[in-house]
Amino acid sequence: MWNAIALFFHKLASPKHFYRISGRWIPWLGGITMMLLLSGLYLGLFVAPPDYQQGESYRIIFVHVPSAWMSLFVYVFMAVLSAIHLIWNIKLAEVMARSSAALGASFTFLALATGSLWGKPMWGAWWVWDARLTSELILLFLYLGYMALVSAIEDSRAAARAGGVLILVGVVNVPIIHYSVEWWNTLHQGPTVTKFDKPSIHISMLIPLMLMALAFQCYYFTVVLMRARVELLDRERRSAWVQELFLNSRVP
Amino acid sequence: MSGIFPVLQALNLECLRGESLLFEGLSFGVAAGEILQIEGMNGSGKTSLLRILAGLSLPSEGEVLWRGENIAERRATFFAETAYLGHHLGLKTELSVAENLSLALALKGMAPSSGSPALVQVGLADRADALVRTLSAGQRQRVALARMLASDALLWILDEPFTALDASGVALVKRLLEEHAARGGLAVLTSHQAVELRSGLSTLALA
Amino acid sequence: MKLLLRAFVALLQRDLLLAFRHRGELVNPLLFFMIVVTLFPLGVNPEEALLRKIAPGVIWIAALLAGLFSLESMFRSDFDDGALEQIVLSPHPLPVLVLAKVLAHWLVSGLPMLLMAPLLALFLSMPAKAVWTLELTLLAGTPLLSLIGAIGVALTVGLRRGGVLLTLLVLPLYIPVLIFATNAVTAAGAGMPVAGQIYFLAALLALALTLAPLATAAALRISLG
Amino acid sequence: MKLLLRAFVALLQRDLLLAFRHRGELVNPLLFFMIVVTLFPLGVNPEEALLRKIAPGVIWIAALLAGLFSLESMFRSDFDDGALEQIVLSPHPLPVLVLAKVLAHWLVSGLPMLLMAPLLALFLSMPAKAVWTLELTLLAGTPLLSLIGAIGVALTVGLRRGGVLLTLLVLPLYIPVLIFATNAVTAAGAGMPVAGQIYFLAALLALALTLAPLATAAALRISLG
Amino acid sequence: MSGIFPVLQALNLECLRGESLLFEGLSFGVAAGEILQIEGMNGSGKTSLLRILAGLSLPSEGEVLWRGENIAERRATFFAETAYLGHHLGLKTELSVAENLSLALALKGMAPSSGSPALVQVGLADRADALVRTLSAGQRQRVALARMLASDALLWILDEPFTALDASGVALVKRLLEEHAARGGLAVLTSHQAVELRSGLSTLALA
């Protein structure tokens, strides 16, 4: 059993197989994303009742919360990938990490933008110096720093390793940032959804929220695979399998 | 020390710089008492090769062995026995010649006093207390040579060691190389000038 | 072990000597610190109540920027003139050598600020009881700045004009230090307990002391490669 | 004259191209500016009333430091690689060539800050009517920072690690700009007239435009000599 | 152009570096069609002399005349006719070869297009769009030579122009010098290698 899994990952880690397998996955992932997104939007925008306090404006939660969750997930995922890359020298992990950065930054930006759109009716200001908001802003800077560093280093191997070191240093800091900021000042909504025992959110809002969260997750994997495939082709352009691929395909 | 088996070995090295492949499948060995001159036109990849041999950069393929072990895995032993003299001399211009040498020795894990004989050899004994900033290009090159001598390394890696040296300096370097080889040392060097040594010189041409 | 210690001391000595030789370098992070602090009464309204309120933040931000300003000198000139290659090619463990350089940076930038801060605090009419806490936070915080900064410099030193990129990488990592330190100083000014924050800073310092040299050493090898 | 113009444009183009090539460089003084501004709510208490009060000072001090941080790139790398020698050996009048480099520095550092400032002002909840004045002071003030800074860089570029010394030379000259600018913005926030301060800044700019390139050119020749 | 009267004249030059007097009372002239090689050991003051001749630094005594006028007073005319190639090449590594050349031409007040024949001459025509950062030491030296050629200067001041060049590069520089002299140009250069030219070479030894 373990051997089979190890073999699967070993195979997947080879660029050639990854390219082939991911090519098969992408259409399915894309389809699932569309379905989740449409049903989540429908349930969220048309079925879920307006909030008794916030009226309609709360519906921004269906974009805000998933993107905020993704912004954190992507960073941690990048750190895991970087560790894999640095320890076992698996190139594919680094390609995935690099392809994730721009997406993670976009999710972060989206969380910030939707949050501040929501903040205006809720708190009467686009921006307040609250803990969540501040740590999310710092997260954006961490993403931008990674992207700037990786694009500034010409040699792609050196860029990959330097980026990996930076992401790992950053991920050590993310909880520290989180708690320091949390502890320093809090205004933002406390845990509402993630209180497992008794979610303080109505089920008719929870379901579309979960659908949207899943949709965002699938969207991320779809796009990151697509980006990684392109990046991989570029990296491996001198290798036999890429040459072969383009010789055999019927170029219009 | 055996003079037959290569102490330094390059196995199947490949070097990619940007778009271009400088060399691939490059394998060679350097035995004790051997001086290897890397030859090649401007831009053929000599500097890139030396940096790989010195353990400063990684080849895109292949490995470098020192006494049969990959240098990336046995850094401490390899670095203890190697001296690298590259295009940038690595001297602090605001420190005196003697201070530069004693730091270099401490970094190589040696006693701090052994610098001065080397200074005598390169003909800078009277400038030991001068700041390197006040030295001319050739004098600095001599200081770097003194550092290499004092480090007592078995393997010398020299990128164009004759740069900026006057005639007496060039003769000095040639003599040092001959003595080093006679003691069983190894050297890999590049130079666009002809290096005529009495013995032990072999050459490797990069395409 | 003895040889390693000797290499550590030699490198430390060298960096301090270099800082002394450039007479400017020794005094200037300090002067920079002082100038930034004095900019505030000039740029902001110089009422005492307001100044007192922003004093912890201003002093800490100035310390942070002064540290940042002098960070590049930790590896940049060594990179440019090839001295870094010679250090990396030493048989001694690179993280230990890195630690010597970080220590030198702290002795030249952090320590003088530590000594100067009480005077500046007075200048911004900070309450006396907060000054002690300020000193404690600087004592734990400025070495943290040097340690974290070293990672950033090591990553960017191979890039020409990496200076501003460095800022981008390092500042987000400095923020927890800033928040905890200023929070403690403000709390102390209001007569509240501050042990929690100080312990937290000390714990961060311990973490950074063990991990930062490793990350810096790895980054240096990458930058040279 | 036509040849001189061509040299001016070529040099300007070169510096902008260099800034673009280092993708980082183009965006980074701006990012630095943003990060420094965001440090304040973190280091100081983030109450809205307090932030509003210190906002003009904070934004201007951040602009000043961001300009300062990027100053060294104006001549340092040209000095290190010998390109400055080639510029000085041009038969065209050196002050004009210097002006091209200063203009490039401003386009890369000052102009983006000018565009970004309103957003940051919003972040610090600055009143809308003050934002206009802030923009005017930045429009007159940031070129001043580049012009004055150029003299400082030219004087210190020959000294290794001149960076911190540069700060020391340049900041005192920046102070009048800072005082007038923040004064104007604060006054505008309180609904008072600001024409006087703006005229003063404009006059300073005119003065600096004529004199600073001459001083910079002289300083460059000395640094190379 | 007269080949008899010196176009460049050094009058009674003295150079003090720190504590030491490198030379004093040094006077010489270089006429059209003449190549002057400055000789001397490492540290004898060759670089210092060339920087004075190029107008980059001032002598502690004496003056340099160009067509009879002090160069410090007639900078524009002197600089327009002079090309200096020092130890630091003055190339921007982040710009391409062609961009570097066209900037240099604009600075010298010339048309931007005249760079490419020079590139052909130094053998880098196919690398015109490569960033200088990606060139090897010898290739960069060639770009600097191309800049000098394109600037159409009458006086060349060259500090160790053979640095980092391979055999074909050394031959190229010698040929360029010969052609320059034949056209009536002047050159002052230093080199530790023997410079054997067919004609026009004179030497000056620094103590």
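Think of it as A, B, C, D and E in the order they're written, each chain with its own count starting at 1.
Just so it is clear, contacts are C-beta pairs under 8 Å (C-beta built on N, C-alpha and C of every residue); 3 or more make two chains touch, one makes a residue touch a chain.
Just so it is clear, the structure is predicted and the values come from calculations on it, not from any experiment.
Enquirer: Tell me, please, which two chains come out on top when C-beta pairs in contact are counted per chain pair.
Expert: C-D
Enquirer: What is the chain whose Cα centre is as far as it gets from that of chain E?
Expert: A
Enquirer: Any idea how many Å lie between the Cα centroids of chain C and chain E?
Expert: Each chain's C-alpha centroid was found; their separation is 46 Å.
Enquirer: Go ahead and note the Å separation of the Cα centroids belonging to chain A and chain C.
Expert: Each chain's C-alpha centroid was found; their separation is 33 Å.
Enquirer: Distance-wise, how many Å sit between the C-alpha centres of chain A and chain B, to the nearest whole number?
Expert: About 48 Å, centre to centre.
Enquirer: Give the residues of chain E touching no fewer than two other chains, as numbers and ranges.
Expert: 87, 93-94
Enquirer: Which chain D residues touch at least two other chains?
Expert: Answer for chain D, listing residues that touch two or more other chains: 22, 24, 28, 31, 35, 42, 80, 160.
Enquirer: Chain A: which residues touch two or more other chains?
Expert: 141, 144, 148, 152, 154, 157, 184
Enquirer: Which part of chain D faces chain C closely enough to touch in the complex?
Expert: 22, 24-25, 28-29, 31-32, 35-36, 39-40, 42-45, 50, 53-54, 56-58, 60-61, 64-65, 69-70, 72-73, 77, 80, 159-165, 167-168, 171-172, 175, 178-179, 182, 186
Enquirer: Applying the document's contact rule, which stretches of chain C touch chain A when the two form their complex?
Expert: 151, 155-156, 158-159, 162, 165, 168-169, 171-173, 175-176, 179-180, 183, 200, 204, 207, 211, 215, 218-219, 222-223, 225
Enquirer: Of all residues in chain A, which touch chain D in the complex?
Expert: 125-130, 134, 137, 141, 144, 148, 151-152, 184-185
Enquirer: Using the touch rule from the top, collect the residues of chain A that touch chain C in their complex.
Expert: 138, 141-142, 144-145, 148-149, 152-153, 155, 157-158, 161-162, 165-166, 168-170, 172-173, 176-177, 180-181, 184
Enquirer: Tell me, which parts of chain D touch chain A in their complex?
Expert: Of all residues in chain D, those touching chain A are 22-24, 27-28, 31, 35, 38, 41-42, 46, 48, 51, 122-123, 125.
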